[in-house]
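Dropping the structure in here first, questions after.
Order of writing sets the labels: A, B, C, D, E and F. Residues in every chain begin at 1.
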Amino acid sequence: MELIKDGIRIDGRKKDELRDIKIEVGVLKRADGSAYVEWGMNKVYVAVYGPRELFPRFLRRSDKAVLQCKYNMASFSVDDRKRPGPDRRSVEISKVTRGALEPVVLTENFPESVINVNIEVVQAEAGTRCAGITAASVALADAGIPMKDLVPSCAAGKVGSEIILDLCKEEDNFGESDLPIAMIPRTGGISLLQMDGLMTAEELEEALNLVKKGCKIIYEKQKEALRKRYKGDDHD
Amino acid sequence: MTEVDLISHIERDYILNLAKKGEREDGRGFDEYRKLILQPGIIKKAEGSCLANLGETKVLAGIKVNKGEPFPDTPDQAVMTTNAELIPLASPLFESGPPKEDSIELARVVDRGIREAPALDMPSLVIKEGELVRVVFIDLHILDSDGNLFDASNRAAVTALRTTKIPVLDEEGNPTEDLMPLPMLKTPVSCTFAKIGENILVDPSQNEEKVLDARLTVTTEDNGYICAMQKGGDSQFTVDEITDCVKKSIKIGKEIRKTISDLIKKEGL
Amino acid sequence: MELIKDGIRIDGRKKDELRDIKIEVGVLKRADGSAYVEWGMNKVYVAVYGPRELFPRFLRRSDKAVLQCKYNMASFSVDDRKRPGPDRRSVEISKVTRGALEPVVLTENFPESVINVNIEVVQAEAGTRCAGITAASVALADAGIPMKDLVPSCAAGKVGSEIILDLCKEEDNFGESDLPIAMIPRTGGISLLQMDGLMTAEELEEALNLVKKGCKIIYEKQKEALRKRYKGDDHD
Amino acid sequence: MTEVDLISHIERDYILNLAKKGEREDGRGFDEYRKLILQPGIIKKAEGSCLANLGETKVLAGIKVNKGEPFPDTPDQAVMTTNAELIPLASPLFESGPPKEDSIELARVVDRGIREAPALDMPSLVIKEGELVRVVFIDLHILDSDGNLFDASNRAAVTALRTTKIPVLDEEGNPTEDLMPLPMLKTPVSCTFAKIGENILVDPSQNEEKVLDARLTVTTEDNGYICAMQKGGDSQFTVDEITDCVKKSIKIGKEIRKTISDLIKKEGL
Amino acid sequence: MELIKDGIRIDGRKKDELRDIKIEVGVLKRADGSAYVEWGMNKVYVAVYGPRELFPRFLRRSDKAVLQCKYNMASFSVDDRKRPGPDRRSVEISKVTRGALEPVVLTENFPESVINVNIEVVQAEAGTRCAGITAASVALADAGIPMKDLVPSCAAGKVGSEIILDLCKEEDNFGESDLPIAMIPRTGGISLLQMDGLMTAEELEEALNLVKKGCKIIYEKQKEALRKRYKGDDHD
Amino acid sequence: MTEVDLISHIERDYILNLAKKGEREDGRGFDEYRKLILQPGIIKKAEGSCLANLGETKVLAGIKVNKGEPFPDTPDQAVMTTNAELIPLASPLFESGPPKEDSIELARVVDRGIREAPALDMPSLVIKEGELVRVVFIDLHILDSDGNLFDASNRAAVTALRTTKIPVLDEEGNPTEDLMPLPMLKTPVSCTFAKIGENILVDPSQNEEKVLDARLTVTTEDNGYICAMQKGGDSQFTVDEITDCVKKSIKIGKEIRKTISDLIKKEGL
């Protein structure tokens, strides 16, 4: 399969082009904050609960809130039905998601408490962890949790000998490498970073630059979605 | 907990006093359903799907159809499995009570309505008797829980099933490129009632569910037969209350069935 | 299979006839209250423990006792060996059993406490949930738990075009519908009601009337079993 | 918990002081068993069954026999599995300690006695070597627990096995209408002792078990061989105590074996 | 297979001869006490943690420490890969190991506490529970837990018509019986005793005597290992 | 917990202040690894094994190779599974936090380095395409945990794989008496960095791990390609920090790879 030809990717995008992204805020009633992201074929809901008292007590921190993240995929979200419930992959993604969000949440404002971030992927096609983190930071803001910044997230990767932004399914499956990243725009810091596949140090630098560009666009979409929600500016 | 228990008593008094005056918190009549919005086909990865909004309650049903062995005691029937996933999205972790019990009951009540109608023509989904049949998975994801998960799940599941497309198989049982709908015989519709004091309200909200004394779900099928019932809650119903709920269920069932059929026809699904 | 012919059922009973029912009280030493029911081929033990302090604490209610019911089937109780431990069916039956018993137990007398009702089916052949509830209310009385009434329970169903009482195995497997009911004789209220299979509204009314008749007989047997136990009237 | 620990010390003192005087709470001698009542065949759905009453302790054993694959390392042996189900019937939920550990030990000790005797002629239950054998499930349900579950379970299991009837298979391995008993070679009988202070009592009651220092179960077979032993509890036995218990076990084993055989003969099972 | 011929066993040992045993103390840094035993092909690590506060609280004893023992086998420790995690066998061995060690540990010195003994078998070939107990009592001493004695442990068995000490794999698999024992040398008491297979009362006495001899040798090795550790006498 | 949290702040200040002066608790330089001792082949029951000591951290890797079915979507590839067992040996039970999460992350990071390099020639371990392949189990047992389990596990796993011997199969797929090594293409080596305040240290100790702000593991292969990365911890890295860590990882990777190869050559494994 030729994944890229004359700079045009298999799904018609350019190397530095994101898939279509739509972010909605406040989509769930019961949650304290929520968001919904459509990103290419990906569809992801996030609900935030808290800050609340944490039980069991021995998990509490006297100096800050505990941030609990849970990433889950619906059994019907992928081509072959997935057995319901957490698997090893989702446990790992839950963990790195927490690491991606922690740097921006002012957990020290809420000692003894817990903040729950629940990410539910109802349709999946490459890039769900980035979509989840992107939605989660918006849902945290919607819940009124004080934060230093939002956290846009997207992947870069290598396909053939090209570094590209925001891998689609075929690029993820048949490309050389995948590099999901989350960025904190105000500091330029990177709070999620995973990689698998082969890449040189130079290619990594190129990929990080590309991701920075992508995250800037996503960041604007996040802010716009929040503005819409709170300014009543609800027409599309 | 004392404080929690106290609050729940205050909430109960509030809702009960409203009910005594013939009123509900959200202004509905006792026999009035919240607005139902159905969005079939929104999950492309599933053979069928539907997002049901019942007021603020949101349930997403996904249908996946595989092939597998039949159960030994029903070699001439397809296999159908209904699962309701307790996802923390719709319920913060700290909440007390055994949630697993609730999600199992939910899945089984929705399943029974569909199975007993019967909604699906199970024998026609056998590929080779005793050896290979279609396996239909109904997965219910509760996205937002504002009461009456039973009926929201029923609407989501039934609409998803009616809009499911599966590949036609060739003579050797291999999938072709042609698609066919699931062979649906009926459209079972459930109606859930809450008894609060002496009052019986249809389609209880989250707050009404929290304070109800007893719950009754009646599922009826296209010909007006009851196909499943389930009483819940810690109190009792009189025989008259039950027969009254059944009559209302038959009437409401017809209306909802029409809504679903109209939608499917309108969208050409 | 012809399940009913000239008003006579496959096991020789009339439409409104119960299977043989035997109730014994106080059959277990360690439990605070206990009962044993033989009902056709069904054999069911019930043990009641409590009221006792409930752990973990966060499950406690400050306004009443928590009633915990557990229905279990022995692996050898059915033709094909059942895997030990709870399955989805037994979880649901445990739940509706609690709902059937709650209305009569004066749980408000015992805040912060738990009352455990443990139902063990050692032989099963149609109607075990009704047998369990029938035995459970007797065992609760044996434990000295204050109650408003006993709770007799039995099923009705439709076989061919007939409404019949207390389905046997063949009627359960091959009949049109099954309607397990628990009644509270003093109020005439219904505290367990489930149904599967097809039935009209009129047939349902007929079935409820039939069940009422059956529950009346079972109620007498329950009271008689308790009298025997507490009057020392122990000869059969 | 402090109160609980205190009560347990008081109970211990009481039973220990009785023992020092050569007495037991229920008036038995140190070497005296409680009354054993065996009711074989009471579960018609099982191929074999027995309700054993040892004093107030009640254990119900059920035997189910299926067909299945042998273990790869014993292609010429049937499969036997013993399971003791912790059912809440016999133990309120709130009790502390890891009950799973206790039920696993119980099942394994009962199993070892039967397996090592050996009670069952395992090679004769092979249908096709390496491929298909009988699978014998021994399921133990504790209905009432008034001490010495080991011996009550042993009696229930062994009597159930000796009265089990399974279908004779035809040449192709399909069941015929004829029934045959399980091929039993031996009747292993266990004897359980409790050490309380310097005293050793047979067949401990629930109260004696709660305060015992150490426990010893010795299982012997028809020819007087020991076939299994298990020490329990937090203290130690002297060599003399062990050899003394073994001698008593051989003697008691003979008596119980006769009781079981007489019952089976009398009832024509 | 002829397991013994002219008094010489299949692996060349005499009837009363132990396999090679090597005991090391203090092999793990993080544990409060630790030991490593090589015994024939068996390789066993033990770590002791505690005494520490016990959670959850309701497990605490006001009159003594709770001794928690955990026996585990590495998945690669046996010829056919074992599924990771506890099975029924390891649960039982954990339990009898606790019973073997309890009589010597002065648990009454540490009410409300827990002492954890974790036994990890990384290579197994007959006799791992005895090796584990032997190592565990040394690790407890290394942790500074006050004890009345060490607990040497080894098995005897019957092979053909001979009573032999310390069964190897073939003797365990094809011999008549296996009798793992733990002894408390100062009292002569027996704190672990299990047996399977056939043996007469007389053979049992002979076996117990043989084990006593074996345990005496192991006891010396235990004490030597501790001396080495605490006298800095660290050359082999 | 307050006390625990306080202590952790004091520990953090201590290590942070040392780092500001360019120092570490154990006297190492920021880019200095602790001593690595590798003992391959110590588990005879496993096809391959290695005990890796990294300072006081001890990880034992065992390799078992079975036969089994390939995954349906990769019929032309062997199966490789990496498991890190949380054994209580290395961590007292009372410690807070979800350890399962940690052991899953550990296993997956080690696995990814090996899989993506790729270290193993997976197609060459297929016995019959789509039907039968070698199944390689990498099991990691943490015996002592003094920090940087990632790198210790990587060294143990990679050395164990490189010294694994499996039976050569005959034409029918049955094992012969001849042994062959696993077909190894690469030796991926991971490097783990801890960020504490503004300082970045390689190979963090247990104490350093407890107080770190962020963690980065970079795995590189023989040609200097990065094959896996994983950021951990609750803080962030700058792009410069990452590229700097990558450069160091490539350099350190080369050295460790040489150490492993020299050892294997020297010991003739």
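To be clear about the criterion, contacts are C-beta pairs under 8 Å (C-beta built on N, C-alpha and C of every residue); 3 or more make two chains touch, one makes a residue touch a chain.
Note that the structure is a prediction, hence the values are computed from the model and not measured.
In terms of the distance between Cα centroids, subunit A is separated most widely from D. With centres set at the average Cα position, the gap from subunit C to subunit F is 58 Å.
Subunit D and subunit E have Cα centroids separated by 27 Å. Rounded to whole angstrom, the centroid-to-centroid distance between subunit B and subunit F, based on C-alpha atoms, equals 48 Å.
Averaged C-alpha coordinates give centres for subunit E and subunit F that are 32 Å from one another. Across the assembly, subunit D contributes no residue in contact with two or more other chains.
Of all residues in subunit A, those touching 2 or more other chains are 55, 58, listed in ascending order. With the ring opened at subunit A and read toward subunit F, the chains come in the order A, F, E, D, C, B.
Of all the residues in subunit E, the ones that touch subunit F in their complex are 28-31, 41, 43, 45-47, 49-50, 52-55, 68, 70, 72, 74-79, 81, 84-85, 114, 116, 118, 120, 122-125. Residues of subunit D that touch subunit C in their complex: 42-46, 49, 56, 58, 60, 62-64, 66, 83, 85, 87-94, 137, 139, 141, 143-146, 206. Contact residues of subunit D toward subunit E in the complex are 1-2, 5-6, 9, 96-97, 100-101, 104-105, 107-108, 112, 115-117, 214, 216, 221, 224-239, 242-243, 246-247, 250. Of all residues in subunit C, only 57-63, 88-89, 91-92, 94-96, 98-99, 102-103, 177, 179, 184, 187-201, 204-205, 208, 212 touch subunit B in the complex they form.
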